Amino acid sequence: MDNLGIDVLFKGTNFIRLLQGLWVSVEISIVSVVISIILGLVVGALMTLEKMWLKVILKIYLEIVRIMPQMVLLFIVYFGTTRVFGWDVSAESAAIFVFSFWGIAEMGDLVRGSIKSIPKIQFESAFALGMDKKQTYFYIILPQTIRRLIPLSINLITRMIKTTSLVMMIGIVEVLKVAQQIIEANRKTSPNAAFGVFAVVFLLYFIVCWPISRLAVYLEKRWA
Amino acid sequence: MDIDILKEYIPLYKEALILTLKIGWQGIFLSLILGLIGAAILHFKVPVLKTITGIYIEIFRNTPLLVQLFFIYFALPKVGIQITAETCGVLGLGLLGGAYMIETFRSGLESIPTIQTESALSLGMTNGQTFYHVILPQAVSVSVPGLLANVIFLLKETSVFSTISLMDLMFTAKDLIGMYAKTIECLFLLVVFYLIMLLPVSLLGAIIERRARYGQFGD
Amino acid sequence: MKNTFVKRLTSGLLVTGLLAASLTGCGGASDKAAGDDTTAQAAGSNAGYRTLDEIKESGTINIGVFSDKSPFGYVDENGEYAGYDVYFAERIGEDLGVDINYVSTEAANRIEYLQTGKVDIILANFTVTEERAQEVDFALPYMNVALGVVSPDDAVVESLDDLGADDEVIVISGTTAETYLTKNYPDIKLQKYDAYAEAKTAFENGNGVAWANDNTEVIAFAIENEGYTVGIPSLGDQDTIAPAVTKGNETLLTWLNDEIKTLGGEQFFHADYEETLLDTYGADYEDELVVEQ
């Protein structure tokens, strides 16, 4: 009890490596969120179209994302695709792929929801003003949708950052793996390092995610 | 794909499914209780407890389950708090889920118009009676789609249990791949078993949500 | 950082674009079809490997090592890979004239990494077994190993038959200890972990009555940590540890074998031992552990 093992973080470059590990997680999340927002807008717009076959496909897509744990998807993409198609996917691409696959579905569904929530009269007014369908979408519907979506997509960022803790399982050295390495390298000199190091990792995740989710709440209240 | 291998592995996956469900449902039960208590605290704005609940929600919603489990299972014993892997799984899932359930129940509570409380009070019901007999039943039924979404989310989260040595579906697959390298068969069964576990819940959610929407139209 | 960020973003967009195309093109069903009969044939032929020339040409070799298994493969406090396996890996890189890209593996992923071509060589304390030899190609061995069981001083496990019905033995998923116990002692309850760091921490925390693993590893643990005894120093067959390459990668395998023979001439692995393992084991184990060709 005399030593909770926080001191190991100040040895060598340990703490900096921990932060670098965290950056890996954040980077994967941000890239995935950007992709999710861009393609999610497209998929969301597709979801509002009245085409039977499109609806069925998108429904299946959504259901897969809803039911399969991200970890399963990570394994399938990272190991499965190489087995089946012979693709050589790097662990980071696999992670970005899976997170985007998930994020696009979520964003798509949110986009669909917000497009649907825009009163019909706005479409009608726009048409009455002589705008065509494209113009209506681009100038009237999209700007409003995006505004509603921003808080929701910020929320998605925190969820993704949290989920990146899984990428350790496909060999990406992120903050948790660095934590394990530090604990292992210092087992002899500070056997309690597990407490200090995991406590710090816990705190680091919180420090990153909390402000972002507060921002989302704030924007949601302001723009609602 | 080798059918014989599938047949050989299915019992192992069944075992894993049972374990996943066992821990999953216990965790979900705990999260429902925490959710109800927390939502009531926030609803009635109970001093002090309100702040504690708020802090609890922020902590557990802003950290990954994996890190929470690491902390509970590997770090706490270093300061003398020792629990088994199963308890840790239930506790981790329950605490994480509770933070989400509170929000779901609370938005359910908020959706009940204040006039109902006022009417109930004017009929001579006490505060407790009003909450128990009037508000709560409605709030819970409004929350059902949200709750089912949480249930799916929590059952999916069990996939990180491998780190605390629980043989859930994901770990069974990883373990078999590690021993016998039959990747395709293992991943195939993994997908099938997750479908078996979660598709019914997801479909139920879809049906209830549609019903709830019809209910709203009837208003 | 910015550069890699943009690069990742564009590559990510491309990949996801492909995904979107496949989704609208051939339907969401393609995902599920991944389990069907087309895969059976693909499973037989591996995703491929890089020949010796291809590795040299690219200038980088991917070597899978442990990053949490001290003193064989771990990351030191300055973020550098180190240990007995890594010392050897460094030499391989030097003699091939290429840079090394270390890939951090878990025990259960080692075969998978080779079969999917994600690493060129596994140098992660990989015990040679018959089952594994069907999946990957082993080069000549560079270390001896058997299984061992370590337990706390106050309740030393000296025979696996002594274990009670509720006693759980810690193993690491994908190791020979796991396979051996599963096969020979099916009644013993195993508590499995993904990673070395997790298993050791759990063992320290008293989550299991004993920890079964390579005897090299459990001996090191008992020496480095007070209060533990290796009650069963040798269990099962005497095995060896060797580098492994993807099945069929003849050119790389031949080169590795020649390299190991050459290194034997200069007693390289003794030097390796003295550099990386002496602190842990002392000189007593040197001839027992090290294999030179």
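A, B and C label the chains in the order they appear, each numbered from 1.
Here is the rule we use: a contact is a pair of C-beta atoms (placed from the backbone, for glycine too) under 8 Å apart; a residue touches a chain by one contact, two chains touch by 3 or more.
Computed from a predicted structure; not experimentally measured.
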Higher-contact pair (C-beta pairs counted), B-C versus A-C: A-C
Chain occupying the most central position, where position means C-alpha average: A
Greatest separation from subunit C - chain, by CA centre: B
Approximate Å spacing (C-alpha centroids) for the pair subunit A, subunit B: 20
Geometric centre distance via CA averages, subunit C-subunit B, whole Å: 36
Distance from subunit C to subunit A - Cα centre to Cα centre, in angstrom: 31
Junction residues of subunit B - those touching two or more other chains: 74, 78, 162, 174, 177, 183-184, 187, 191
Multi-partner residues of subunit C (at least 2 other chains): 34, 39, 43, 109, 112, 115, 194-195, 198, 201
Sequence positions of subunit A contacting 2 or more other chains: 76, 79-80, 83-84, 169, 194
Subunit C residues touching subunit A - in the complex, by the definition given at the top: 1, 5, 8-9, 11-13, 15-17, 19-20, 23-24, 27-29, 31, 34, 38-39, 42-43, 47-48, 67-70, 74-79, 103-106, 109, 112-113, 115-118, 194-198, 200-201, 204, 224-225
Subunit C-touching residues of subunit B, taken from the complex the two chains share: 1-2, 73-74, 77-78, 82, 84-85, 162-163, 165, 167, 171, 174-175, 177-181, 183-184, 187-188, 191-192
Subunit C partner contacts - residues on subunit A that touch it in the complex: 11-14, 17, 23, 27, 30-32, 34-35, 38-39, 42-43, 46, 54, 57-58, 60-61, 64, 76, 79-80, 82-88, 91-93, 96-97, 100-101, 104, 169, 171, 173, 177-178, 180-188, 191, 194
In the complex with subunit B, residue positions of subunit C that touch it: 32, 34-37, 39-40, 43, 107-112, 115, 131, 135, 170, 173-174, 178-179, 182, 191-195, 198, 201-202, 205-207
Partner subunit A, residues of subunit B touching it in the complex: 58-59, 61-64, 66-68, 70-71, 74-76, 78-80, 152, 156-160, 162, 170, 173-174, 177, 183-184, 187, 190-191, 194-195, 198-199, 202
